[in-house]
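In what follows, a single structure is set out as structure tokens and then discussed.
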Amino acid sequence: MGVLRLAHVDVRTPDLELSTAYYTEVLGLHVSERTDDAVYLKCWDEEDHHSLRLRSDTRIGMDKFSFRVEREDDLADLEIRLANAGCDVRRVSKGEEVGQGESIQFEIPSGQTMELVWDLEKVGNVLGKLNPSPVPPPDLPGIAPPRMDHLLINAEEVGESYAFFKHVLGFRMTEQVLDGNGHQLGVWMERSHSPHDVAIVNGPNGALHHFAFWLDDWDHVRKSADILAYNGVQIDQGPTRHGVTRGNTIYFFDPLGTRNEVFTGGYSPDPDFPQITWTEDQFGRGLFYYENVVAQRFLRFHT
Amino acid sequence: MGVLRLAHVDVRTPDLELSTAYYTEVLGLHVSERTDDAVYLKCWDEEDHHSLRLRSDTRIGMDKFSFRVEREDDLADLEIRLANAGCDVRRVSKGEEVGQGESIQFEIPSGQTMELVWDLEKVGNVLGKLNPSPVPPPDLPGIAPPRMDHLLINAEEVGESYAFFKHVLGFRMTEQVLDGNGHQLGVWMERSHSPHDVAIVNGPNGALHHFAFWLDDWDHVRKSADILAYNGVQIDQGPTRHGVTRGNTIYFFDPLGTRNEVFTGGYSPDPDFPQITWTEDQFGRGLFYYENVVAQRFLRFHT
Amino acid sequence: MGVLRLAHVDVRTPDLELSTAYYTEVLGLHVSERTDDAVYLKCWDEEDHHSLRLRSDTRIGMDKFSFRVEREDDLADLEIRLANAGCDVRRVSKGEEVGQGESIQFEIPSGQTMELVWDLEKVGNVLGKLNPSPVPPPDLPGIAPPRMDHLLINAEEVGESYAFFKHVLGFRMTEQVLDGNGHQLGVWMERSHSPHDVAIVNGPNGALHHFAFWLDDWDHVRKSADILAYNGVQIDQGPTRHGVTRGNTIYFFDPLGTRNEVFTGGYSPDPDFPQITWTEDQFGRGLFYYENVVAQRFLRFHT
Amino acid sequence: MGVLRLAHVDVRTPDLELSTAYYTEVLGLHVSERTDDAVYLKCWDEEDHHSLRLRSDTRIGMDKFSFRVEREDDLADLEIRLANAGCDVRRVSKGEEVGQGESIQFEIPSGQTMELVWDLEKVGNVLGKLNPSPVPPPDLPGIAPPRMDHLLINAEEVGESYAFFKHVLGFRMTEQVLDGNGHQLGVWMERSHSPHDVAIVNGPNGALHHFAFWLDDWDHVRKSADILAYNGVQIDQGPTRHGVTRGNTIYFFDPLGTRNEVFTGGYSPDPDFPQITWTEDQFGRGLFYYENVVAQRFLRFHT
């Protein structure tokens, strides 16, 4: 009951064709629908209509991010909780958004727009449900991640945002970074029994730091790096390993400057998982275990 | 709410010392407690007291398997559901079982004893919670899987057992194998958003087919095969890939003949995941994708 | 000086189109030339014209196998050595064979035809020589091994064949299997500082057991198994590990029944490498380290 | 005939105990002998007495590097060639150096001392030669590379050094980097049919840039990175991929500042391999394919 997992991330691009070419040919996503000003994309193992929306706009940035709730009734329950918390909640009717039914939208304390939805149009994965191959077709182009995994947003007041995600939306913290005064510099939170579905790190309100695609393993990480370099994509960091979440990772930029990640690994936390704390002096190691430095471009660049 | 995940598997061994030596030195589990007639073992990333209990007995076989519920109250709710379904439920008080508090035990339709528990003694994983290394100490002995993953039991009437797990315990089926008449030969079910926490395949009532440890990736699978062969352990099947669940796997036998598995991979199903169906003529490919045969030793041997 | 490495294997097929489709689409070789009755194929990293020739014929089997010598003069030197050893050596002029210049051909003691050649037509690999990408294009179809690696032939008298390869051709033995009487059941020999360029195992004279393609690593082994299974190719054994040579491997059959292998790993022997000996009772473990059995189909089936 | 492969690298350390602890516990080498002022170390798969000598001295740096020749007679032949080239060759008698017999030593044009030797004391690898396990004992400590692979030295005049290695010692160039005037900034050369046994890159005469250990694959690269980070070792670059040689790599520093590398991958060049050329504008991509920048610390720091 309650929030289930990340459903989709909706971002803007000043060059819809270039972005679409990149996300289909380099990332290897499938276009499930095109409208006048937007392209809807999905990964090969996703059942839903899309996990990424690209919308044509003069500026890059995030329109909103959307989480799926577990049961249809959860939307009404969460609407009440949000209203009680002083949120201005907008109910979006079926038909207003492509590829999904009714949803609710609201602004979180750090200024980003968040959406909750249960009714996602099911288009099915690439394998089908009768005697399916356990592997996708060998000739899928690009990185071909099986699914979207998580996103990281910025907040000027991480602690305030965490309180909102915890108390109103029921997110559970797995890890946090504390400064010398015990203030949160970053929090990692989950609903899907993974190390994180969303993370919040200190930075400007409203900003998107990155969204991440799941990979199967460390070899898929290398294949991804090879494909990125082959295509001349700018790699921001990695292949490396996170201290926080334990995952192996590469950060890189799409052609318009939106940061992407490919990610694998981690652990499987119970809802009462004992939280992990990082002290500020170990933040470099927590971010990038091999490099052991606080990478400035990584921390300072967002969209 | 409800059943959360597999907690521990309790098996018998006629040679407790030999079994303990195998599970600590070859599998690489840690002994968390010894009693007069039993040894309690855990994997390095598990927070709980144990995930495997070995009990000295003249015959191999399974005493019971235990699932954790998400909330303390779930035990009482499930006790009522079980009683309504005609189950004879035994409430086990705190202190009766090592490493855990109150639980309920009952016999499932295929004759195995199942337990539900919420209060597991937390002993912590090997890494700690303050600036933890994202990798375990490099010198852990043996295979060193991070955690127990699932088990497979046998049932003469798979469909009847599935109905019990679905309607009484709230398990969700991810995959099934149907014979030509539409009867279930095997079902794979989950509560933890993984391809399976427990599977039931046609075979003698009361039998344990195997329990499985999670591995990180395909390279951990090879390392496991190397360690098993180096130690002269009999490998039953693999390294190979399942059609069902998509996972990479090795099956092998502990020194007394209990089948173990190491497993990695799979997918991340939503609670309303559209179920996958295998037809009987594709069962060989579903079991072992590379071999594409119905392996007789695999299907006919259980404990 | 002397023999350098395996150059190409020439086999027959009753269905040239089917075999070509398999070797291009599943194995992922490139067709470098077609003639009336033959197709010439190469791997993506090979510089030479071809490493596999398929010739249309009513029966499968091997026409010949060809090794490259290090220097042009080596051909004349080896021709003399072969003549002195009583071999009937045929000199093949430039223009007689596609994709290569002058060569010498002769029958080895176990009846197969062997060729030595220096002048191979250079067509270049897929990457080029100016600022080349270190990885092949990501969209190469099929398994896409970088190169042919070795072959295994059968001989009724392994010891006699070994003596010929050692004394006449200068091959160096890396490993051998001895029966209880000290007779060789199998020998592995190299010229290229790898565990083996050619192996001879007890079996019918004239037979080809398999030829093998090099893979980069264990992940390429799994990708190969996935591609083979996806395409319905019959896997003979593996993914597994050899005791002999240490390599990771899969054996499988092309559509007409010729056995292929993909292979990776091993060691880097000096010319005075101290030879490894396997006793017959450990032959199962030597062949397949994980399975630890002498696989009968593997030993008894050849073409 | 001629030079066969890298035999050993002899470096200085101001803290012999600390260096020995690092090379045994983190790198996982075995100590084969200790003398008053030196420690001799070998990798688990090496047959020879040692591949690394650490000598106590007030300053770090390289004493010499040593290549093995293929045949005993090669020493005398090469001595003549070196003398004809104007080298001052010193013959070192059996007994003068630990773990080896007669050798010749000389200064190469860029000022480093090089040694050629045939008679290396054979102490055998860890596996033995009778029914050996194909994998090393699972509990080897540290990274445990199977063998030393290559070294990189600096030279003010790369072209001059290359001419010496080519014409006097018979090395074959596989790759080179040219500046806009066609002058060599770096050359990679081999004798062992690998992408490089020694490389020379522009820098101060006499300097050692790094020596490298061979790893089995990309997973061994990650395991190495995990072990290095776990032990607090400073990583210089990687895990990443080279454009030049195609290999996957990590660079890191031993406790006294000598740069180490772990390396895997590459190709298998014939003696007449068509050489690869990189233009200066692509040097960043040639060094580190994923980062695509000329890393200044990497280029400017040597010992």
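Read from first to last, the chains carry the letters A, B, C and D; within each, the first residue is number 1.
Going forward, a residue touches a chain if its C-beta (ideal position, glycine included) is under 8 Å from a C-beta of that chain, and two chains touch if they have at least 3 such contacts.
None of the values given here were measured: they were computed from a predicted structure.
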Response to the item:
Common contacts of subunit C and subunit D, by label, are A, B
Worksheet, complete the sentence: Higher number of C-beta pairs in contact (B-D or B-C) found for B-C
Worksheet entry | Most distant chain from subunit B, judged by the mean position of its C-alpha atoms | D
Discussion item. Need the CA-centroid distance for the pair subunit A / subunit B, whole Å please.
Written reply: 31
Worksheet item: Whole-Å distance, subunit B centre to subunit D centre, using C-alpha means?
Response: 48
Worksheet item: Between subunit B and subunit C, what is the separation of their C-alpha centroids in Å?
Response: 44
Item to complete: Give me the residues of subunit A that touch two or more other chains.
Response: 133, 135, 218-219, 226, 229, 241, 285, 289
Worksheet, complete the sentence: Residue positions on subunit A within touch of subunit C in the complex are 133, 135, 137-139, 141-142, 219, 223, 226-227, 229-230
Worksheet item: For subunit C, which residues count as touching subunit B in their complex?
Response: 218-219, 222, 225-226, 228-229, 234-235, 238-241, 248, 285, 289-292
Discussion item. Going by the contact rule set out above, which residues of subunit A touch subunit B in the complex?
Written reply: 1, 4-5, 45, 47, 68, 70, 122, 124, 129-135, 146-147, 192-193, 214, 216-219, 241-246, 264-265, 267-268, 270-271, 273-279, 282, 285-286, 289
